[in-house]
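Shared chain: subunit A. Partners: subunit B in the first complex, subunit C in the second.
Let's look at the complex of A and B:
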């Protein structure tokens, strides 16, 4: 039996292409001049990382994780508060942010999965919870209420993850994206990944084979949550300013899910390229048409969202996968 | 805290609850029939408010007269939206359907801002702030009328669901779409009517509260959508009577909660109810025991 080429495997191919994206973006960022474009690039990479992390729970495990921003916001606040109030090193905050978000994800899974609740309840619960967190932080004196948290950055300092220059943020964001891609890849390669696929395709059959569906879903939630917490903590360092309406915004939440849904929830290239394409497009459109709340922008964005999802119900990656299958003669 | 104050918040909560009920019963009906959570539902309420304001400022038409017209117009718009973007997605994954209704909501907010601008608009009836006393409690006429009409319409709609052929078809489609189709019911038509009527009722609620609130493009999203979701879950998703009772309960909970925790945390009350319901009554008040 001859060994099949490494790239003939769809998952390997995706990993190579996704890492290729990370390297190319890093090189492009190294030469990029203006702060405006660097800002757009960093945000696109953050969205790509969020989308790829979301697709572990929202795609691989099939959970209707509609309110994903809670974990991001919690991570951002963990970093903002620990760094400004207690001087905790931001690199450590990335880990603590991930841990706190993971704990929240575990709690949500514990509460919602124990009765095998319908997916719709789960979706609405996660959305409502993100708003509960927003209201709590809006009324919490210690966390600065509606004004939020400011970080002051005076000089480039790798040790405290603060830079005046925008470039280092891009490289760190890309490193985070690479980590998320790696985790997603490793899960799909592992026994855990096969459990998730079995539960997603047919929960009853999976349980009949001895797979603990709740445990598999909880695991997916914890991993997705932890990664989002880490990205949120990084976002706080990057933005140097967070407030509840920003880091728990439902609009942002849905924007982050758009990449994986239009790109393909079950793939790696889908969320990565979905966000890499959509987020800059959106930022440029917004810059061209006017501010955040510009009416024309909202109309066009809403229309594109609906038409895009109707035209690509399985995401763009489905077409790439079909092409890949033909290219390498996969069955 | 005096007894009058408690009674006042309680009654205001009931009045608000009636309007909530009317908004939520359309949402729950759409979910029951199509299994679609309509994230754009509150935008139809906002649209109803704007149309009522437009009718008043342009032609001096009272919102209570305009209500029927608004119901019909918005209902048709809702049905059109269902046909164009919801119907083609009914066989797609749920996350897609949800994001489509979110796209619809975004687009409607943008369109309303394009037409009416981002600033607050008011419908100032000559007697907008007129009040009457009920024992020790002072209530405005507009809020009382809104409550009474909302309850009346919700009740009428319940009769419609219970006794008319179309209503029975809607209930059949919500209980078992496949069986309903076998009985010769056009489920596609039922879907269309349900979405139209559901969104029309939200708009009707909007006209009723128009004299009591400010309208701006995100009014519905800011003040109604989360409460409506909580109500629908509390009253068991898809259960019409559950939504009516849930609406009143959440109205009261928010009224009294606002008094106890302060108005800033008013919305937190209904969200906490959500969490508690999920913990202890995961299928809502009318969903039966979880086995």
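Let's look at the complex of A and C:
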């Protein structure tokens, strides 16, 4: 068999382009002068990382994981509470946030698979759970109820993941995005990636071949959950202020899923570029419509998500993949 | 030692008894046919043996070990592979990736080994030309063949073939018969559910006949199909065969 060029492989090509995006964004951020633009860039990168992390469970394993923000919110609160109440190092909080979110994901998988929830009920369960968590935190004295958590000390110190300047946050966010891209890529290259693809395409056939469908789905949930927990913990450090309505917001939840769904949830470039393009658009929309109309965003995003899922099952990445196939003459 | 033993296996759907107290024994290295009119419980029997359905009564033993209540993936790992009468390809994956998914044997094989085995199996099943095509783009004949290739890639002890020859042209049936013989020659025990009598008679060393879920005959194929109760099951009441 003749050896084909590295980039002729769609997955390799995507990884190279996605890492290219990380590098270019880092360079652009390095030269950016305004904190306003840096703020938007960091959020866009956080969304891109969330989208790419979501697409492991929501795309590769085919789970209709509609309520994804729970893991992000849990990670944010783990960081906020451990740091302000117990002085735990924020870098360690990133790891603990990932672990706690992973445990939550494992529990969700355990419960929903045990009761054999069909995919639409699974979707509703995950959405409902995110709102239950929100109300628990809204009523939890220790976690500051609706006021949330403030990180009061802001100083330039890499060791405590705290900076006066915005630029370091961008670089760390990009490092997280690179990690998520790497995990997604590695999964698609591994046996686990084959299990997820098989289970997504046809669960019965996968089982008949010896692939444990519930184990595969649980694994995907845990990986997606852990990554979101880590990103959430970082978000808390970056925002220095979190409250339940913000980090468990349904509108934000759907905002985060727009990128991967429209971009292509079976791809890597889809979630990365989807978020990179859509997040600034969403910020413009918010500026235009005002920040308080959460219900309106829910309607808009809900409609766009539905249309996207129904009409573009592979998202815009399908067109890029077709172009890539022609470019390299793939069969 | 008996490879697969069923004792009084019964599967009901509400008031309907789809499999009714079936007992049978499959010895290693055999090709055994299971025939019966439509709705006689052949596919249900396969689904029960492979763990997709749980029997209400009876015992199923593989190599003497009970497999009732195990998950399909567990049973597959123990060495029983099946094809689906209504084909179930991974439509969005290439033919090769479909077969690799089987060749991984649920994680007991490395990816490199699985790819090598998959390519061997694809060649053996005469699917080299379709290797990089999406499974969903194959015609029905190709998808039937893919069912066999994927199951074979798991390197089972026992292969359950459910109507893999339906819809094939006569020359393709001959190829399929050769393939099944080659599979057996490689040490795999095969149970064939098939409507196509020519194929069943060419392949089976023993034949079981099901009717409304119950076994009505078993034994040498040429002798069994002449028995009055079998003839009646097929051509019986209507009498216009």
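We adopt the following convention: the second predicted complex is superposed on the first by the 301 of 331 C-alpha atoms of A that agree within 3 Å, B and C clash if a C-alpha of one lies under 4 Å from a C-alpha of the other, contacts with A are read in each partner's own complex, and residues count from 1 in each chain.
Following the convention adopted for this analysis, a contact is a pair of C-beta atoms (placed from the backbone, for glycine too) under 8 Å apart; a residue touches a chain by one contact, two chains touch by 3 or more.
Please read these numbers as outputs of a predicted model, since none were measured by experiment.
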item: Which of subunit B and subunit C A:198 touches, first, second, both or neither; value: second
item: Which superposed partner A:139 touches (first subunit B, second subunit C, both, neither); value: first
item: Residue contacts with subunit A in the superposition, subunit B compared against subunit C; value: B
item: Which of subunit B and subunit C A:212 touches, first, second, both or neither; value: second
item: Partner chain in contact with A:111 - subunit B first, subunit C second, else both or neither; value: first
item: First (subunit B), second (subunit C), both or neither touched by A:241; value: neither
item: Touched partner set for A:296, first subunit B, second subunit C, both or neither; value: first
item: Footprint overlap on subunit A, comparing subunit B with subunit C; value: none
item: For the subunit A and subunit C complex, residues of the former touching the latter; value: 190-191, 194-195, 197-198, 200-202, 204-213, 331
item: Complex interface listing, subunit A residues touching subunit B; value: 58, 64, 66, 111-112, 115, 117-121, 123-125, 127-129, 131-132, 135-136, 138-139, 251, 254, 257-258, 261, 265, 293, 295-306, 309-310, 313
item: Sites on subunit B touched by subunit A in the complex; value: 31, 35, 37, 85, 88-89, 92-96, 98-100, 102-111, 113-114, 118, 217, 226, 229-230, 233, 237, 264-265, 267-268, 271-272, 274-275, 278-279, 282, 290
item: In the complex with subunit A, residue positions of subunit C that touch it; value: 50-52, 71-74, 76-77, 81-82, 84, 88-93, 97, 100-102, 104-107, 110-111, 114, 132-133, 150-151, 153-154
